[in-house]
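For reference, the structures are reproduced in the following blocks.
Each of the next two complexes has chain A plus one other chain: chain B in the first, chain C in the second.
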Partner chain A sequence: MTDSTYSQLMSTASQIQAKATQVSLDEAQRNAEMAARDDGPPVSDAQKQAIRQEYADIPGLFQPYANLPDPQDYQYGITTLDQIMKTICAGGTRQPDQLTMGYSANFAISGLGSAASGRLSGWKGNAATNFKTNFLGQFSLRAENLFVLAGVLKGGLQAEQSMWTQARANITGIATGTLDALDNIGTCGQGNWTVGLTMASSIAQILAAIESDGASLFLTAVGAATQIAAAVPGTPSQPGGTAEQIISGMRQLITQFGQQLTGTINLVTNQLQTSSGQVQQNLASFDMPRPAMDDIKDDKTLTGALGLGHP
Partner chain B sequence: MTGQDTGTQFGVDINQLYIVALDMNEVSGIYGNAATQLSGIAPASVVAPWLTLQGQLMDAFNTAVKNLDDSSTTLQRAATDYADTDQQAAATFNQLRPNDRPDDVNGPA
Partner chain C sequence: MTETLGDRLDAIQVRVRAPGAAIEAELRHRRQISISLDEGCYAFLREPQLERALAGLARLLYTGWVRQYRAALTDTAIDPVEDPDFVAGRAKIETTGRSADGRITITAVGIDDFQVRVAPGTLRELSERQFVTAVHQATNGFLADQAAKISELRMALAQRG
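Take a look at the complex of A and B:
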């Protein structure tokens, strides 16, 4: 589906309405002629009005889906979050490869994380020890969590982008499929027709979860970049034949599409909601704590025995 | 030059302490830029929990920036105070500061 095809959705809906009405009027006329043999009575105005009324709702069926979000609107955020992830990648091994693939550790961040056990390992003093243990020692964990959280945000935008791309393709497919089926009435191409609904099949799973390595809590993106395994209900083929049958099939497809779209929106929303809840319940695993030494205003106290230590 | 030459205070080389302080400044800048970039993301349509998560990450970045900056300042104060009380260390330390990192962490050869 091209974007221009989707932008013509309501025009296509009007064509479906006109085509279905015309085909049904022709059918009614043929039926009337057959019933009266040869030059039978014309279809009454009341019959015509009933036929027109039968298809009057078609544009309204498509209208709710005529202004779906533009998938391109998400690209800036996805690209920006990708750049952020490149600069804040902390390394570490807690994350699944799917999330870290393509990102190299920023040495400034990873180096800071190892300072407590490396460059400053021998540093003594009350506040110094606390600073190394509670700030530097926990820095890597928190830096990794920030990276994962950025990844979850990126995954959320990718999921929505994918969702709307497929939604536009699906509703456009229903419209063009219906119009094609109406065009094929009376031709050798007439027969059952179908439009595959693919809504939830390729939404990346974006659920963040707090896990523990025995010592600390850390955030991970469960199954990041994998595909949701939930089965998408098969789309039965719709009967061709008459305009009434085709439009009936179209109505079923639109209903099914709407249900899948709602389900997918709920899925994405719930996953992000769960992720947000996990973060909220474990803020201490994300926020870098303020070292007590930062509140020691006097230099001599700072470097004294209760501070960072002094000879 | 050895660690002792640059002034080892309570087990720490003050040059290393100062460099860690500068590293903290650098990381603070990284998170500050990330926060600025993140705040510029405003998709026309996005589910509400995504915005909540965005706010949570923004807060975390800003907290990191604040605490890294403050701690960097604290470590620089400590390193300066150490150097002030150890003239031998101060001599090296004062030479180190203009080209403090990253290669010659023990000061000029």
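Take a look at the complex of A and C:
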């Protein structure tokens, strides 16, 4: 599916409406002829009106999905988080996974931990001990947690980006598939047709990655992947016998699509809200405590044993 | 506007020549069939020879159409594999098309077993132009009958569910 195809969704919907109406009118005329065994009576105006009415709602069925968010709009946030991850990657001991692999350690950060026993080894006193233990010693661990959190956020944006990409492709697939089936009427083929609804399964992979990253960060996530996989309905072949049948299949597909989209939006939202809640509950794992000497107001104490101490 | 399956099917053109006879046939826009005879050959043809030539043209047109039709289905939602019930039902369909004067009759059982009947004396009594018109009427009648019967079969299978 190209983006230009999606931008023509409502135009395709109008084509479907016109084509389904015309094919149904032809079918009605043929039925009248069959019943009369020859040139049957023309289809009455009331019948024609009923047929037109039957398909009048088609554009309205597609309208709610005609202005879905543009997946490209997520790219800036994803790129920004990628830059943040490159900057704060401390290169810890955790196993890289789908969201965090491929990042090299930034030595400006990973080198901080060793500074306590290196360049600052001569710095003694309470402040030095506190600084080395509470700040330097934990800096790269917290950076690592922030790094993973950025990975989770990036995964969330990628999940939404993928969700809208798939949503656009799926609703466009339903529209063009319906038109294909209508176009195929009149040929000698049977014309059964299949449109795949792929959104939920593709999102499941990304959410599973968030889940695994979250788990490494004790951000316990819902069992997203299995729930989504179970929720993905099959997309069986639709009969292409008559216009009425084709449009009935289209209506079912749009309903299924809408349910999948709502389910996926809820799942992504729940996943990120759960992660957000976990971060709130464990804020100390991400946030560096304020150095105690920040509160020392008088210079003498600040440079004394309780403050910066002696080099 | 993106090209639809309908556009692709409308664009299919098949042009064939009957083996051993100076007749060509062309299929355009799904169901417009025209035939043309080499200049000066009409006077030398006989009915049985024409019957074989026209039936051969029908088979070649059908084969050419199916080949391009299948190619046109690529990347569409249409399933390339058909149900055995549909295939079996289609194989039993009997289709007929006649010229207005009844001199030319095209029949088929299934969709590719064509027979053509040209009434004796036709070539003597019809000019080449009249003959071509009569063939045109018969092919139109044949295609309309076939479309109606395929549609009936689809509807019957659809109602069966």
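Here, the second predicted complex is superposed on the first by the 266 of 311 C-alpha atoms of A that agree within 3 Å, B and C clash if a C-alpha of one lies under 4 Å from a C-alpha of the other, contacts with A are read in each partner's own complex, and residues count from 1 in each chain.
Here is the rule we go by: a contact is a pair of C-beta atoms (placed from the backbone, for glycine too) under 8 Å apart; a residue touches a chain by one contact, two chains touch by 3 or more.
This is a predicted model, so every value here is computed, not measured.
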Please determine, from the superposition on chain A, whether chain B and chain C clash or fit. fit
Taking the C-alpha centre of chain A as the vertex, compute the angle to the C-alpha centres of chain B and chain C, in steps of 10 degrees. 150
With both complexes superposed on chain A, which partner does A:60 reach: first (chain B), second (chain C), both or neither? neither
With both complexes overlaid on chain A, does A:102 touch chain B (first), chain C (second), both or neither? neither
When both partners are placed on the shared chain, which of chain B and chain C touches more of chain A: B
Touched partner set for A:293, first chain B, second chain C, both or neither: first
State whether A:42 touches chain B only (first), chain C only (second), both chains, or neither. neither
Chain B versus chain C as contact partner of A:123, first or second or both or neither: first
Can A:179 be said to touch chain B (first), chain C (second), both, or neither? second
After the superposition, pull out the minimum Cα separation from chain B to chain C in whole angstrom, please. 27
Of all the chain A residues, which ones make contact with chain B and with chain C? none
In the complex, the residues of chain A that touch chain C are 4-5, 8, 11, 15, 19, 27, 30, 33-34, 173, 176-195, 237, 239-242, 245
In the complex of these two chains, what residues of chain A are touching chain B? 69-70, 73-74, 76-77, 80-81, 83-84, 87-88, 106, 108-109, 111-112, 115, 119-120, 122-125, 128, 131, 135, 142, 145-146, 149-150, 152-153, 156-157, 160, 265, 268-269, 272-273, 275-276, 279-280, 283, 286-291, 293-294, 296, 299-300, 302-303, 307-311
Please give the residue numbers of chain B that touch chain A in the complex, ascending. 9-13, 16-17, 19-20, 23-24, 26-27, 30-31, 33-34, 37-38, 40-50, 52-54, 56-57, 59-61, 63-64, 66-68, 70-71, 73-74, 77-78, 80-82, 85-86
Contacts from chain C onto chain A in the complex sit at residues 1-2, 4-6, 9, 30, 69, 73, 76-79, 82-83, 86-87, 90, 111, 146-148, 150-152, 154-155, 157-158
